[in-house]
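Below: a set of structures, written as structure tokens.
Each of the next two complexes has subunit A plus one more chain, namely subunit B in the first and subunit C in the second.
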Partner chain A sequence: MASGMQEKQYTPSLLNFFVYNPTFGQKEGEEEKKILFYHPSDVEKNEKIRNVGLCEAIVQFTRTFCPTKPAKSLHTQKNRQFFFEPEDNFWIVMVVRNPMIEKPNKDGKPPTVEYQEEEIIDPLLTLITFLVLQLFNGTFGRQMEAGGVELLIQKLEKFFYRYLQTLHLQSCDLLDVFGGISFFPLDKMTYLKIQSFVNRVEESLSLIKYTAFLYNDQLIWSGLEQDDMRILYKYLTTSLFPRHSEPELAGRDSPLRPEVAGNLLHYGRFLTGPTNLKDPEAKFRFPKIFVSTEDGYEELHLIVYKAMSAAACFMISASVELTRDFCEQLDGLVGPQLTLLASDICEQFTVNRRISGPEKEPQFKFIYFNHMNLAEKSTIHMRKTASVCLTSVHPDLMKILGDINCDFARVDEDEEIIVKAMTDYWVVGKKSDQRELYVILNQKNANLIEVNEEVKRLCATQFNNIFFLD
Partner chain B sequence: KVQLRTATYIRYKANSECQNNVSSPTLDKETEDAATDNDRSDSGEFVVTMLAKAKLEEQGIGVKGRSSPLLEVGTQETPAFISHRDEDVTAESWRQHRKHVFVLSEAGKPIYSRYGSEEALSSTMGVMMALVSFVQSGDNIIRSEHIVVFLQKGPLVLVCVSSSRQTEQQLRGELLYVYYQIISMLTQASISRIFEHKKNYDLRRLLAGSEKILDGLLNLLDSDPSFLLAAVHCLPLACSLRDSLSQILQKAITPNLVFSILIARNQLLTIVQEKTVIEDARLEPADVHLLLNLIGASSAFQAGEIWTPICLPLFNPDCYFYAYISYLDPPECTVCLLLLSTDKEAFYAVAECKRKIEEAMMAQNSLSLIAKVQSYSVSQVGVSDLRHFMYKPFDVPDNYRHEEEKMRLLDLYRYMHNRIHSTSRPLKLIYHVAERETLLAWVTSKFELYTCFSPLVTKACAITAITKLLRWIKKEEDRLFIRYPPKYSTTPNPSKSSRGGKSDQQDSTDNGFLSLL
Partner chain C sequence: MEHYLELCENPVQFENASSVNNVFFDEANKQVFAVRSGGATGVVVKGPDDKSSVAFRMDDRGEVKCIKFSIGNKILAVQRTLKSVDFINFIPDYPHTEFTQECKTKNASVLGFCWTSWNELVFITDQGIEFYQVLPDKRSLKQLKSQSINVNWYQFCPETAVLLLSTTVQGNVLQPFAFKSGTMSKMSKFEIELPVVPKPAKLSLSERDIAMATIYGQMFVMYLKHHSRTNSPTAEVVLYHLPREGVCKKTHVLKLNTTGKFALNIVDNLVVVHHQSSQVGLYYLYLPLVFDTLYSSSWSVFQPDIIISASEGYLWYLQVKLPPTVNLLQDKGKLMDFLLRRRECKMVILSVCSQILQGGEKGRLPIVATVFDKLNQVYKEYLEAEQSYTAAVESGPSRGSAAPKRPVRTQAVVDQSDMYTHVLSPFTERKGVSHKFIIAVLMEYIRSLNQFQITVQHFLYELVIKTLVQHGRFYMLHQFLQYHVLSDSKPLACLLLSLESTYAPAHQLSLDMLKRLSTANDEIVEVLLSKQQVLGALRFIRSVGGHDNVSSRKFLDAARQTGDQMLFYTVFRSFQQRNQRLRGSPGFNPGEHCEEHVVHFKQLFGDQALIKPSTV
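On to the complex of A and B.
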């Protein structure tokens, strides 16, 4: 008799994550030395060695056919593994369980499990993981120089412990592939105000080398190199800001509310570094990041200072020791100004929204990305954080977007792909001169020509002079 | 002067599990080459493919001086084939092959390799085996610059290493074809039994000489889109000609004859099948592909008549049919007659059918009519912007004559096919504007169409072209496709009419030849 149970859907999940270097334990009996980090850590030692050994074997095997470009991934029915060698002989491997559907069986039999093969974005996650790792620790090579294997292992342990918690595989989609940055739209006046704020601070506190300004998880200004900013942005929006957002949302009497003890002049506070300036005994440190320069990299302190929804990042050379006095100076200088700016921006934003009308279902559902400035825009995502991805279209359509993106990535030339899905939705992808646009149209009875006209209209209004194909 | 290496002799004993009333063949042993005598090491029963040249002669089958068809390894091999076997597996050129295929047994024993000899590759194969056993069971894939696809079928493991940018489903499909071709020579039941009996049996002993057939299959898989579309290439014939040929075949029957097939230039002319025993079961396109490959791969078929056991894996993987193969127009050898019977002893009866067929065709002058038939070209369709299309038959226009371009075009079609038939997110239509061409693929419940245009074509033009094309195809339908294979009955009771033809069929949707029309 029917048990009334539903099908259960399991999203992809992280099974294993490890880092190894095959040159470290080449002698018989010393294989464990190869493993620099392994998650989950409670797995038996021999199994760890075996899994690492399998990866090595696969890489070796594929080298038989192409010595320069070995294996990238292994797909089995139940899971998939991704291999990434960011530096010579240092390997990062991620094992993900395939999404599956569990269908209940009658008569008390165990439920049947159906695994779903999918093309997913996961390979990028290993790259992004490495880049974030590199941001905070420098390259593997450098770490080895600095403290040898033991220190490296410690640092990896510390880093991944926190970072892996922020990996949410089920909410990854095309936007993650782009690794773009969401820019906050501003009017000229407010933008200038922010510019002059940044200039003032940099002049008063000459130690500051680079600054970045964000509002509401979106970027407004950055003095960093684009590639570095991209990763920093990812870290800020997926790790740091979410960790610190709860207290701000807490009610007035909530114990979570930060101590604003005595400082009623502004709402600014440090997100990294000293949590309580009033306490002279409290120790603090700023996280250090490594950004690239012309001839290598430089190490910087990362100061993230927030006031309401505005956040400013200040980067100072790591060779300088940052004292409590300095922090107080910064707090005094930046706090009031940032608070003011934050409320200005907020006001402007509200005014603009009132002008443009209430937010309704956008006319066109599209995703736009510009490879040159990393700007991304999506009218499909209603909410996208690290752990949640809410879109107004069916996930299968998002996957089709992913497929089209894959096809575009294969060649450098401009292309256009139009497909009609089984549900009669039309998906149009255009790639032109480093920009990509994906449009989803729900026009069941339209034909190719009509769809083409619709998209042309969209391009004419929003992307004038960008997409030239017929 | 034809120098023949000794073909492997085989002897087979009763195959008691076989259905379909195939009588147990018990040819006596006649070994010339003791080294290939499998018998001594194995006790018990096993079934193995037959090919004894002397045997044939002894029974008066076949023509003297000819070796057996299936495993002939004479010097009729082209030099290219020979060099593949001896290729240096450490050389860069070996690595650069577009697609490697390996077959090994579960125990890691090499069976076949497309490039390079199995001996030289035994260590690589050992690694592959280790990988397969290490990783969980099921089908596994490794992605790198190449894709490595593993497929395990029973005691055989097939591996493909490909840089052709095909998807794993497509590659797995190709490996499946290789597996089926091996089955077609040995049957699945016998392979299972052999390995059950002896896990590290060296299957090459039974397949010696068949590398050419597998090589041929792999080349076809690369270049012939009919595999991709799971459809059989039919020679476009005027309806009347095809009907007349079908009728000739229908009349020349004998008990236990199940399929009669006429092939010209590797394309199907007509196929008729027995009605009562087989009923509505049909030959899958894959079986037909395997048959066509078998016939095409070996030029030994070109002389005289061949009588050989063959298994049709999708029809029944555990049993043999007996195939009578003969070209009707030596020495050009473009038209081939294939008669399949379930009776091993029926050679003479079947040969008699062939003579009847030959006579009738002579009377109707069929051969010369067939010779005149041409595959049509795009220009016939009369659509100016259309460069190329694939709607079952494959047409090759000028810009794609060059081999590489052909391959590239086929790759493009494969990519579209994969997207359209994706298991998780299939599509109805793809319109892809790229640098060198514009592609349009369209699937409906009635057909599947892949077309290629110049890159500058406008959408309006493309749609018009497609409409014209579809109209033309509809008009020429009867000439281009075989929809309903006619039938006959070989049972003594002729009350079931063997008229065959269109009136017998209600539903064409599951027709193996036109998979989607």
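On to the complex of A and C.
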């Protein structure tokens, strides 16, 4: 068949993204004032107003059926709209075009377009978007208090300009739905050493309020509360770390130029704040984040400091001005210790791998998620960043996983779903208490009982240290 | 003024020396002999305890030069002349009359004698040494060995039974001999470096300037080197390490930074230098320190730690007062090294730990870590010794090897409950300490224990959890459990269960822990039943193979309580099937107390719903 005659696949894409407040601009002719942010910005004013109006109407209309739970999303053939009201009267709306397949027709007729509706793009994305927004800017209400609508609009522009670039809808899958945290597996002793490191740094640099510790983009320790850590983790792993690792991979701006502090060689450097401490022009400004406290929010400087594969995030009250002196002190104290720890962890990690033997390609792949501690684990993803999603299984199978997850979301009871996929794979979903496990088995001649046995065996070997109800 | 040394509170009292009462001291048995009128009006022997105290009479056969019991007060030796030593049996039922041994070397004078066991002793003469065995029943002595050598003076270390002879004209070549059950062996001789070499040669090393001591189990010869105009202007103490085998080596020099008359003691493995111009200087081995205290010139100093005032009739033991010493060393690591080696150290160590935690200065955690590591090092060594002792005892006596010796638990062994009671628990309750610091300290202690592979005891985990819960740091707790920093145990799992109402995830954490323990299946069933997860409990007990042994009543109670009739039906039928399989009949045994549930089942579903006994 000629190449021109092939099907064309279109991945889902972001059509619109906007934030509005229906209580603003209520007078006739002032409707534009309701809109706080609109993407893409080059859309004609009237169309913006029309789209916002439509959303308002849908929400109002559905409220008549259930006043406490207005509509969350609207599915049409061509697209999906997600509505989310994180704070009173502030709405975040995301419109996504469904993926489609363009099938060429003979005889020069226009191609037939098939939309695929059941892709996984979860409403949770708007929540996470909001949370990330909140992490860096605080609540809408707080910004309004601080500088009125003007400041809010300004801040939203600035934030979304960058954020929407990191939103890669085509690579969204089950892991994005969970928004989980991948924990780095570590032996007790090395873990205690890290504890000791964190405690010592916090004691000698008492400005530091919270510390988080990651290795290989996986979390080891969080001094922040779980919900805040979840968002910070999302930001670090999908935005900050990829931004810094790509030049490393390309060999530019090599970070492996050891710094000499005292007489100790170290590989520490700041990922936020000054890129070079010795630069007399260096600025000591760090991104600010908002985290929850018992009574509201607090604003913090976010210092991310990395040595080899180990990253430490230090958070300091935003009311303190950070100086060159402080950064040098931190660099001198943390750099050598973190370098040492990083090589310790690396060594421990390779030792453990050697003990567990050479990695054989197992007969199954799985995704695990625990709602309780947000822990996720996947043997399906080889590498997952926001822009690249390398999975080792076919997208159709991923789609089945998404469907099972939707089924789980609807009920509270423990459940188990076993699906035989078209491609001879078996897909099993298990839900036990707060945990979900998705297994893909490549055993085409197995029957249901054998698959069930196989999954039991998998639970007994891979998850023998947790309580999983059969 | 702080005092770092003190005399013991209960000195040994004896009749003070006078014209009619001669006083002798035996370093080997630590006995004071008060000899009245040459023994005719009585000899009173006072030892460190009442058991070693004796009183007796002996004939006055001339002035007593030296008097000593053999080890265990079996035989008394008395030297009255330069040629011979007299003996008296103190063994019950043996003849009590004195017998005499003359020295065998012609024209030699006996400088003294030393007991090396209950019946062996060595004569030291100016021309050599003679080693004898006393035969108390025959009232005679048998010579075991002898050695010719010119002797100026001698020193004897009773702990090691090593005799040190000063030889050569200058007296600075020292020849040690070691004695052990009937044998006498010559050790390698060594030379003491004199500050000035006199010309013409004359005796230049006095016995007053040499002392023998065991420090940390090692034998040392201490030399008090007086100043001379030509070299160092102040006196110093030079330590020579005298190994059982091999060459004696100069190892330490303690600079005294002063001049005058000195005397040496060893107290609790510390070298004490008395400065006799009304001061006492104390020098720690490795750590020179000086301070003043009142000192009486009439005192005599004996090894290792004895001071005697013959004119007042007192014998004191010298003691180190540890509490004031803690301020002498700023480096807490070195302070711990010092304290861990002292006899009465435990309470002082614990109070130092508390004191470190009390201070407000920064950078304390690394110090805390160092201190914990030092304590746990000693703790671990003891645990290991105890373990191999237990193993040796269990495996029974093996031929050829001696019976295993139970390791001594010294005060330096500071275990987890000592730390908990005296340091950590009071610390966590102190007001005004940030919970961050409290948790950091507790984690540091747990880290140190883990580093030395010491099993952490439950009460420490409890303290960590209590502190975290008190400050609402549940997510921290969660993470610690996730990485198994708090090791699994049933009590810990139960503690977690009790937290469920304040922190919901504790439930999952607890169940996971019970599962890992693999000995807590009953507890898991209880937890699930209490959550009305009756089917879950049933599936679980079946998966671990315990289905046949569980109480059916417990499950039926729980199923009925849920009010879910279908659930009750399922559970009921499942147990009927079990009965059928186990006993060939679906009915419940009377012992299972399920009668009311059978009635309830019939009421709900009718008789026909019951599984009928199969007819054979």
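Observations
To be clear about the criterion, the second predicted complex is superposed on the first by the 429 of 470 C-alpha atoms of A that agree within 3 Å, B and C clash if a C-alpha of one lies under 4 Å from a C-alpha of the other, contacts with A are read in each partner's own complex, and residues count from 1 in each chain.
Note that in this section a contact is a pair of C-beta atoms (placed from the backbone, for glycine too) under 8 Å apart; a residue touches a chain by one contact, two chains touch by 3 or more.
Nothing here was measured: the structure is a model prediction, and the numbers come from that model.
When the shared chain is aligned, subunit C comes close enough to touch A:226, but subunit B does not. Between subunit B and subunit C, B contacts the larger number of subunit A residues. Within the superposed three-chain model, A:418 lies in touch with subunit B and out of touch with subunit C [touch as defined at top]. Residue contacts after overlaying the shared chain place A:282 against neither subunit B nor subunit C.
By the touch criterion stated above, A:199 is placed in contact with subunit C alone, subunit B being left untouched.
Residue contacts after overlaying the shared chain place A:351 against neither subunit B nor subunit C.
Residue contacts after overlaying the shared chain place A:189 against subunit C, while subunit B stays out of touching range.
In the superposition on chain A, A:43 makes contact with neither subunit B nor subunit C.
Where the contact sets of subunit A with subunit B and with subunit C meet, they give residues 414, 469-470. Touching subunit A in their complex are the following residues of subunit C: 362-366, 369, 436-437, 439-440, 443-444, 446-447, 450-451, 475-476, 478-479, 482-485, 505, 508, 511-512, 514-516, 524, 533, 536, 539-540, 543. Residues 95, 100, 124, 127-128, 130-131, 134-136, 138-146, 148, 161, 163, 168, 415, 419, 422-435, 458-460, 462-463 of subunit B are the ones that touch subunit A when the two sit in their complex. The touching residues of subunit A, counted against subunit B in their complex, run 54, 57-58, 60-62, 64-78, 116-118, 396, 399-400, 403, 407, 411, 413-422, 424, 447-449, 452, 469-470. Interface residues of subunit A, counted against subunit C in their complex, comprise 183, 186, 188-189, 191-193, 195-196, 199-200, 202-204, 206, 221-223, 225-226, 229, 370, 372-373, 375, 414, 433-434, 464-467, 469-470.
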